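Common to both upcoming complexes is chain A, partnered first by chain B, then by chain C.
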Partner chain A sequence: MQIFLAVLILVALALLATDRRFYRLRRSKMASALLTGGWIAVAAGFLLGEFGLGVISPDLLRETTPLLIVGLGWIGMMVGLQLKREVITAIPAAVRKLTLVDAALSLVVVGPAAALGVTMWTTAVRSGAEHGAELAKANAWPALFPAAVLLSAGAIGWSMETRSQRVTGKTELGDKLALVVRYGGALSAVVAIAAYGIADKFVVRVEQEARFDVGFALAAAGLTVLLAVIAAIIGRFALSLAGSDRGQQLAVFLALVTFVAGIAAQTDLSPLFAAMLTGVVLTNLPSEHLDRFQRFILRAEHAVAVFFALLAGLLINPLLHPYAVLLAVAIAVFRWLGKPAAAKLGLRRERLGEPPELPPKSTLYVAAARQSPIAMAMAVALVADEWSEFHRQMLAVVLLIGLLSEIFPLIGSVGRRQAVSSGAVESPAGTVAADAARGRPEPQPRAGGAS
Partner chain B sequence: MPDEPRSRPGDRPAAENDATPVPEPEALEHAAAPDAVLLVMIVPNKSVLDDIVTGLLDLGVAGTIVESKGLMALVRDEMPVFSGLAALMGEQTASRVVLSITSTKLAAEVFRFLDTEVSDPDRPIAATVRVSTALGLRR
Partner chain C sequence: MKSVKLLVAIVGVVGFAIAARLLAPASDTNLIDPLGNAFSPLPEGVVSTGAGLGVLLLGAWLLGKAAQAVGFSKITGYLVFGILASPKVGAAIFGEQIPWILSPAQRDNLTLVNELAIALIALTAGGEIQLDFVKRAFKSISLILLFEFTLVLVAITALMSVLLSQSPVFAEYGGLLTVILVSLVIAIVATANSPAVVIAIIGETRADGPMSRTALSVTVCKDLLLIIVFAVALAVATNAASSAKQAAMQEAAEAAAAGELSPEERRFLERADDAGEPMPDTAEQAVGEPSNIAADNPGENGGSGETTAPATADGGRTSDAGPPNAEQSSLPDANAPPSAPAESTESPSADSAPAERGSVLVKLTKQLGGSMLAGLIIGAGLAWYIRNINAALPIVVVLGSFGVALLSKELGLKTLIVGLAAGLTMANLYRQQSHALFERVEELSVPVYAIFFAVAGSKVDPGLLADVWVYVVLYVVLRAAAVWGGTGLGCKLAGTEKPASTWLWTAFVPQAGISLALAVVVSEQFAEFAFASQVFGILLSSIAINELLGPILFKFALGRAGETDAGTSAAEGHGH
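Showing the complex of A and B:
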């Protein structure tokens, strides 16, 4: 009974948070950053969880692991369904280049730092033994590998939400940059899921002992592709039977996600990666009702995101060793400094060309510092894969990186807004602030017309 | 102080109650036919659009079709969580606005068609407004 109540609370909160009236809040730039980043939902989840009011216990959540896996499948499928052939070809070359530069930089810098940080953290815990025996058990390097992979893959990309950063973005170049940030974030999410889904399988567990196995990783990748192709063909057939009926389309989608994610989880593959590949194959198969199906599924994006953020808040173990906090701060500092630099470097030609195709300066470059919500989903996947206090702490580390990475762009955005309102920074042409700065009278509402 | 009377459906707009005289439709330079209405339909998806276009052609109603986006889709556009490429997917919302200046009689036939031939979840939002002047209509 309790388990149903827990699920009911989560679903009700997710639906409430994405109600039409709550969308009104998202028109505020600050609220859009907090809501789309999932931070309010994470806080609500944390309050409901073990370290808050204790309404939903972790043991109860553990029983909902199958639901968690289906949720991961839903996210993976949503990401994959976007990758239609024509969408991929429509992505500007600058976005592809930017994604490549960012992924390479993230893996090269964060990979070794994460490996070192996680090793130091677990070694310190083992010697101090103040954070439970499970961490000590995880201290063997192969067992730590998935955690290091999670931090590296989580470092790829950035948040796709651009509304909170667009203080002066109402210009043509600003609009173009907002699209580049959005597309780049989305493409990076695909790279991150693939990197995590493949690299994580380099470690296998045999009788509770973790060891490296390259052959298994390759076999897992091949099996995932095979599973995705089979599931997509079944999905296409089921969709043709469902036709345009929304109820039946939802039933097909849920069945497909459960099938793919469930089989992936049972065969030690990544549910997120398998579902994403299924989405990619499905979207590229000719089907009459696919467009409608995609729109229908994508509409639930925010509700699923809130549900996952609530779960993440419930699942975290915030009792972090100082080294774990230090690791999170180090990665956040990398994001603050490295990501905007990578964005500017990757778009150098477009920024500095004559005429420039993108604005040479913009707060949107700083927005690249913000962690992608996919990192949160991948951290939840780690907990679903193997339920341990160490993995719950890893989830806390990922959330801490995400929270810290939001601060710098938020300060920049607020500062910029104040500068615009005080007239220190020029506003884009056509705005009331720009007209006032140039001494033009504020337009008066016409008699009898709307102001 | 007594409350101002609330306007009711069918009331003439406040501007028409002003002291400024409003020219009668007949007196206008480009006066439309007395029974001319602007028919506006918001068609939620592409699959039903085909049926509606066929229906309009059968009834002899001309029109213009505009690609459109719902309010929630617009709000979601700047705030994707997982699907930043959705904006690149053609016809992401796939809603269309059909505009047609027609007669009251034909508009009534269109409404009857929508009511009887289009199933409830696919039925477009439809409305008419009276037209006083018009220019460039093809007859």
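Showing the complex of A and C:
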């Protein structure tokens, strides 16, 4: 019954978060950043968890692992379903190039740093610990590889949220830059999930001993592709049988997500990666009812995201060694400095349509510093794969990086707003004031716009 | 072509399920993480439960579509897939060594979904009851209901009494009264039929007329009545059976103390001891002494294939460890009853001393009254939410169902009645708000029913069925005859005109959600008794047959009664 209580609390909180009153809070830029990043939900989860009020214990959550796996599958499939061929080709080449540059940079810079940081951290802990030979095996480099992979993959990309980065009003240029952030963020999420899903399988554990096994990694990748393709074909066929009936479509979606994620978890593949691939294949197969199916599924996106953020808060072990904190800070600094630079470098002199030039200064570049929410999902996946204190602390490291990476853009955004208001600096590009200064007319107000 | 594709898809699902079990890595034990903390990996059953859920849901849904394509109900397809996926079926076909679609651990972990499903089924059933119409047609509804219900009850009680009286378990400590009481509970399951099937067929054929209207009213009213009757009868029967068993234990202990233990009493105590049941010291001492009884009566033990299963921590309520008093009856050796964590009826016999009749009734009244009150509050709460917030209704429905299950367990209430009362409250007191909610319930019921029936089907033991098929056939035929007779009599007295009075009985043949939920409750409640698994096998098989044949029969009858549109295609409809 405690399981029911735990699930009831989590679902109730996720439900509350979908209330209109919470959406109104997003008018405030700081609240928008906190809400969209899921930080309030993380805090709520932390409060309910082992290190807060102790309402829901990690042992109880272990028993809800199947639900967690299904949740990972849901997220993966939602990401994958958005990757239609037409959408990818419509994204400017510059944004696609930027995504790859960012991914390469993240892996090359953060990868070794993460490896070094994790090794230093675990070595420092080992020096004062018992278990001797077993701990030496546990600390051997292959055993630490998944943690390093997580940090590297988590460093890829950025958050797609842009509302908190707008200084004043909306402009055509600002909207264009916001689209770059969003499309780039979305593509990066796919790259991150793929990188993590593939790289994580290079290490195989046999009892206490971990070792590199390239053959297994290749086999795992091949099996994941096979599972995704066949599941997608079955899914497309099932959708054709379901027609436009919402109940039937819901049954098909739940069945497909659970099937793919469950089979992947059972065979030691990545549920997140397998489900994402399934979504990619499915969305690119011709299907009459797929659009309606996608709209139907994406309506639950916010609730699922909040649910995961709650879970993350419940699972973390915040008792981090100083080296672990240092590692988080180092990666956050990389994000502060490296990501905006990479964004500017990647988009410099690129034509993104009219007007041809991108503004040299814009707070929206800073948006690239913020960690993608997919990093949180991948960290939760690591815990679901192996429920150890180390992985729970890795989750805490990832959340810490995310939190730190939010600060810089927030401060920057607030600082610029104040400076513009006082006239100390000119309006950042991509704002109404800047456009007015350049003699461009104010744009007409739009009903929608960037989130 | 579509049938071929369906078959290929189902084979694909099954193939992946088996391949996954073959490729699943062995789970390690007692590992150390890089920080020096010991941890244990998740048990294989927990990790693979997600896969089991996905395989059952996808496979059952596809086979449901296949069943629908050939004119059967989707639920039949769900059940059949569940049966096919059962570990016992795999073992029967390929042997124990070859992994099949589901493992026993996966199947057991999936019973958690029963809680959600039972709450949802009850919510749906309650939502179908419109009190206005019931008031208007009260006389005819009550007469038909009374006679049909009574005749089915009497017929099946007689049949089950014959079956149970052949079990040595009852010979040792039962007595005729206990046999009849237990048979009565089982017979109540036979009286249940499916409003969802009736609604689905009526909707599919666009039937309208006195027969369809009466069929729907009687069916939904019966749900409300039988759940209350079932709760009362279950409590009384469980109390009687447990009390009789306790009395027999005490008599045996006294005989042991006096040194006058008979061979039958010794065997009874030995089985109880093996099952880990508490017993008086004299009885424990008696079973500790070596006995020559087996040597004196070699034929009895060898011929009957008596087995004693190991005790289990929760008193024998696990799937593959046999029941505590597993012994041979005139029916073949039973496997453990399914450990479906369905509605747990807090038995008044939880205390070892026989409960007084008065306290049983008081407890029951509190349970039923409390359940209805809780349902009323939940229904009002849901209505308030829809009126004031009205967001994320599918999640609200799931939340509400979990809430019903949680509340019922924590407060010792009846999940079925709480759900029924909640649905009734919404449908009759908050009609505007309930419409949106029940639309979402209908959407959610598709995956929930698929997994619920598939899980139920996976508990079937084909070895058991092979030995009880005679009883299954008798049960189905006798039930149908009683339904026909009772309905006919009720229609005659109520003055129902032909052709409705001729064909109305076919509406009460299909069985589905409520019937299955009650069957699961019966198996759960009597899990410690040897007959539980056979009875569950008979009930499940009969429900499956009625679910298979019932909708076909009712659809035919609606046509013969002239209440269907001519040329209406058997399009895909709602409901189950």
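One rule holds in what follows: the second predicted complex is superposed on the first by the 405 of 451 C-alpha atoms of A that agree within 3 Å, B and C clash if a C-alpha of one lies under 4 Å from a C-alpha of the other, contacts with A are read in each partner's own complex, and residues count from 1 in each chain.
In the analysis below, a contact is a pair of C-beta atoms (placed from the backbone, for glycine too) under 8 Å apart; a residue touches a chain by one contact, two chains touch by 3 or more.
For clarity, every value in this text was computed on a predicted model and none was experimentally measured.
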### Message
In the overlaid three-chain picture, which partner chain does A:Val79 touch, first (chain B) or second (chain C), both, or neither?
### Response
first
### Task
Please work out whether A:Glu161 is in contact with chain B alone, chain C alone, both, or neither, and reply first, second, both or neither.
first
### Message
Taking the superposition on A as described, I'd like to know which of chain B and chain C A:Ile407 touches: first, second, both or neither.
### Response
neither
### Task
Using the touch definition from the top, say if A:Leu218 reaches chain B (first), chain C (second), both or neither.
neither
### Task
Considering only touches as defined above, state whether A:Leu116 meets chain B (first), chain C (second), both or neither.
neither
### Task
Based on the superposed arrangement, let me know which partner A:Thr267 touches: chain B (first), chain C (second), both, or neither?
second
### Task
Considering only the touch criterion stated at the top, classify A:Arg246 as touching first (chain B), second (chain C), both, or neither.
both
### Query
Between chain B and chain C, which makes contact with more of the residues in chain A?
C
### Task
Show which residues of chain A both chain B and chain C reach, each in its own complex.
20, 246
#### Entry: Residues of chain A that touch chain B when the two form their complex
20, 23, 26-27, 32, 35-36, 38, 75, 78-79, 81-84, 86-87, 90-91, 160-163, 166, 178-179, 182-187, 189, 244, 246, 289, 291-292, 294-295, 298, 301-302, 304-305, 373-374, 377, 448
### Message
Could you list, by residue number, the parts of chain B that touch chain A in their complex?
### Response
14-15, 45-47, 72, 75-76, 78-94, 121-122
### Task
Provide the residue numbers of chain C that touch chain A in the complex, in ascending order.
2, 5-6, 9, 12-13, 16-17, 19-21, 23-25, 28, 31-37, 39, 41-42, 46-55, 57-58, 61-62, 65, 109, 112, 115, 389, 391-392, 394-396, 398-399, 402-403, 405-406, 409-410, 442-447, 450, 572, 574
### Query
Tell me, which parts of chain A touch chain C in their complex?
1, 3-5, 7-8, 11-12, 14-15, 18-20, 62-63, 65-66, 69-70, 118, 122, 125-126, 129-131, 134-135, 137-139, 143-144, 147, 205, 207-208, 223, 227, 230-231, 234, 237-238, 241, 243, 245-248, 250-252, 254-263, 265-268, 271, 300, 303, 386-391, 393
